[in-house]
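Both complexes below contain chain A, partnered by chain B and then by chain C.
Let's turn to the complex of A and B:
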């Protein structure tokens, strides 16, 4: 952890000093242990405020959409899942690769503050750090060591690409790739009958407060004019009714079909814990089954399944 | 009382998005050929099956459709060459996805109907209407305000 932090600060300072980049996107520490927020660094002398700890989860690449309007070249740090999202922005022609300098961070998993809290370890906590194979919780005058595996974000447990697939310079050695099966929850839901499933999703969708965090965080979701914001035609109203929530969720997930990189960010940011991952993965699973394996975010040159076809394609309906 | 009798008073509303170059002409042929098909079907004419956005289908359900049909040219016959090939992929994924969130597959069908297949158009619309009569009214996704 410490070694990585030193590298991050050193590279940031060097690209700003040389003028190679006029902005560095990294993470900075907020006042509380779990707060590692995106940091926008423009001066070499500010690079000491950059942080790297088990809470640096926000994907920085979506900030490029705004920053590249005004900056010549932006340097940023990407973990494995972030790099997939970056590639999706690249495929959608939303960023210019030439104007971006990527430092890749091989990532062995980040820590979910909610899991720390549920384990009752949060009272008086100052910081959390990976040390060797252990997770060290530091308090005012003592320390606790725990096995990190029960604290990882859910998305990290199924992470298939912890080593960035796109970078200019890699800041560490590749980490082991050891994902859990990612379609298990989808498989369980598929076993239910259709009305049971309707009730399940009704319970989920009815909690949605339509804060749009899941849309805003998504690297595959970058239209300048979003259907959910349009007032003419007004596809999505403002009223708090189930039907509108259902419209939002089905449309959001379907707009990502074939483009969702399965980075898990949408589910992570949802304040009411809607299992958005199951919606995304259902689409990934079906498209893989019907039209061949496609791993969004891995090969941005390859066409996503819904913008191409084969005349001999199978159909999920009876063709006559 | 049989299920069909129970639903005696229920008249399904079927919304059919029909491609102008084939299925809409097929519907026309069914009309001019005096083939009868259920009055439950409301046709929306679209320039191609690929013009149909998933939003259209959701909106139809929100506003009271009991089933939605998308009808386009046979594979290989699309006026715009590849529209229906794209539609095939899009609606295959959507149909499975709707079923995943709890909408019965009977309520969303896709068919290829050419301009000369007036009888096929009539038969499909009758078949869909009959099935929905048995399945009953749709409340899912309905905007009940």
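Let's turn to the complex of A and C:
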């Protein structure tokens, strides 16, 4: 952990000093133990404020959308899941690869502060860090060591690409890939009959407060102006009713079809815990079954299934 | 506020009997923007159209809604009506209260409610309709005919006769198609080749017809009036200019393969002319079977050719050409008989298809016109003909009737008797269908004068027994099983479109039905047009038909093509896609989904906070865009809008129909 932090600071300082990049996107530490925020570093001397700890979860790639207009070259740090999102931006032609310098960070999983809290370990907590396979919780006067596996984000447990698939320089050695089955929850939902499933999603979507956090964090949501914000025509009504919530989520899921990199950020940031991962994974699973395996974000040059046509594509609606 | 007029059509009793149109008008008058609602027994009649024209002027209407039949029927009619009264034609909206309502409902109260919803929806859209202007574009005065059977030949001759250039493309080495393979033709028994070959020669010498044999369509781009087609002219390996057609090359060629023209019943050489009357009379080297190309040995043809016309170095030529109109006449194949094991086709040489029978009785065929059993070259005595092999068979074959089999089997029975007066024809049939001029008389002659025995029933099994074939069947009229000893069994095999018809359809952008027949634009009123403007259909590629029907349809397709080619310019449909550049993110997901290659990328420059920013956006070529809307569904930010069907208009419709 410490070694990685040193590398991050060293590389950031080096590219700013050499002029290779005029902005570094990394993470900085907030006042509380779980607060690791995106940091925008333009001066070599500020690189000491960069951090790397188990809470550096935000994907920095979407900041490129604005920063690349004003900067010559931006250096940024990408974890495995972040790199998939970056590739999606690349496929959507929203970033110019030439203007980006990527430092890849192999990631063995990040820690969910809510799980720490639920375990009652948060009182007086100063910091958390990985140390030789254990998670060390530091308090004012003492330390507690725990097995990290029960504290990882849910999305980290099913992570299939902990090692970045795109980078200019990799910081550190590749970590082991050992994901849990990601379609397990989808499989459970598929067992329910249609009305049960409908009621299930009704319950989920009825909680939505339409804060749009899921959209804002999503690396596949990079429109200049989102259709849900448009007033002419007004696709999405303002009324706080279930039908509009459903319209929002279902439409967004379709916009994600064949493009969702399954980084899990939407579900992570949802303040009302809507299991958006299941919704997106259902589409991933269906597309895989219909049009063959496709892993969005892994090979951005490969044409996604929904914008390609093969004469052999299934067309049940024509054949019935 | 809009001034919308609603015009409700009774369509006689088609709509009026099922929908309470007084209530529809009453409700329409209360809809936002509606200032007039009126009706007529037939709105498409002169009186109905006058009502619309006069009302537009008197009520100063700025939008018109016609509640009537499908827009595919009369949208154009009412657009012209509105235009005659000075209103932009694209401000007319049709509410389909016939096909979508009165024809599919019985309950008057419910149908009336639905009709009101449909009118409300059309009013909501009409209110948001914008005037659109059609562009003019020039027409290329040249036609392409794909397939040089009798359909393609006739279409090419008819178009060429009017003075337009025609390119006639044929996949095989010679023109002529299926008709060249046939012996006699029903119901007149004139020789097929004798009536076809003069037309083949006409094509060959016609100053306006350019023949591309041994050629295939490689790619099709463009649109009505300006198709851009790439032809692949396969290497013939013979210099057409030098070849004198002497035939020494194929006499000396040592490689023999099954001849396609003879349905595999005799051998041809690797260098060959498919049949004696072939046009052009220039051989072709089948490189897959030629020793020079497979083993780099031999070269006999080159050595013996007195004109030095053999050219092993020839390569495929890609030819790009622009056309105003295309006639598709690709013809038919026979259904695959693997599924029909009970008839034993392929297991015994004396079980043959009707097409093979045609070659066996043909003077230029493998037996020189002597009808002989393929197994032992003996004359047959008893011949069993089986109708509907693969036709009218939902489970294994084709559900449709192949239409020509009843008649050609009667012809076969007659030809058999003429060749061998002591022979006997047995015909198993389901129904005998003889709807055609002099068809029934012809069939009766086969029965009464030529003694063909017709057995209504089905054949369960055909199997060899000694040097004969045993045919087990059921005569369903007497309800008795029948066992016949036959020397020859002829299967009236179902016809299908060419196996690769669907692929050609995709290239051309024309639809195929469930059996891969090309689909006409309207089954009654536009039978020779495809759904794609400028592409016309002729012959069996569109459905089973006989020679006179094929010739008539080819003439019809040619007339349509000529009408198009005679125009200097065409009006484009202004309902094309439109990019809102401020919303476009430049992801270009629209580009691969466009079937017309109408979308390209461009870089725009804009000023943001004093800074110049250059970014990618999509751009539409209005001439290429056909308004299919695929791009607008692929566009996540809603930057793609189909004019005439904008997102705003469609959402207004959805809102209105949900009220």
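Assume the second predicted complex is superposed on the first by the 316 of 320 C-alpha atoms of A that agree within 3 Å, B and C clash if a C-alpha of one lies under 4 Å from a C-alpha of the other, contacts with A are read in each partner's own complex, and residues count from 1 in each chain.
Quick note on the criterion: contacts are C-beta pairs under 8 Å (C-beta built on N, C-alpha and C of every residue); 3 or more make two chains touch, one makes a residue touch a chain.
Treat the numbers as computed from the prediction; the structure is a model and nothing was measured.
With both structures placed on the common chain, the touch criterion links A:75 to neither chain B nor chain C.
Legend: residue contacts after superposition of the two complexes on their common chain; A:235 is shown touching both chain B and chain C. When the shared chain is aligned, chain C comes close enough to touch A:222, but chain B does not.
Counting the residues of chain A touched by each of chain B and chain C gives the higher count for B. Once chain A of one complex is fitted onto chain A of the other, the partner contacts of A:93 are limited to chain C, with no touch recorded for chain B.
Contact with chain B, but none with chain C, is seen for A:253 once the two complexes are overlaid on the shared chain. Residue contacts after overlaying the shared chain place A:303 against chain C, while chain B stays out of touching range. In the overlay built on the shared chain, the residue A:261 is in contact with neither chain B nor chain C. The contact surfaces that chain B and chain C form on chain A in the two complexes overlap at residues 227, 235, 306-307, 309, 311. Per the touch definition, chain A reaches chain C in the complex via residues 69-70, 91-94, 222-227, 230, 232-235, 255, 303, 306-309, 311.
Across the complex, chain A is touched by residues 54-55, 58-59, 62, 75-76, 82, 85-86, 88-105, 109-112, 140-145 of chain B. The touching residues of chain A, when paired with chain B in their complex, are 186, 189-190, 194-202, 227, 235, 239, 241, 243-244, 246-247, 249-251, 253-254, 257-258, 279, 282-283, 286-287, 290-291, 305-307, 309-311, 313-317, 319-320. Taken in their complex, chain C has these residues touching chain A: 502-503, 506, 582-589, 592-593, 608, 611, 613, 616, 634, 636-638, 647-648, 651-652.
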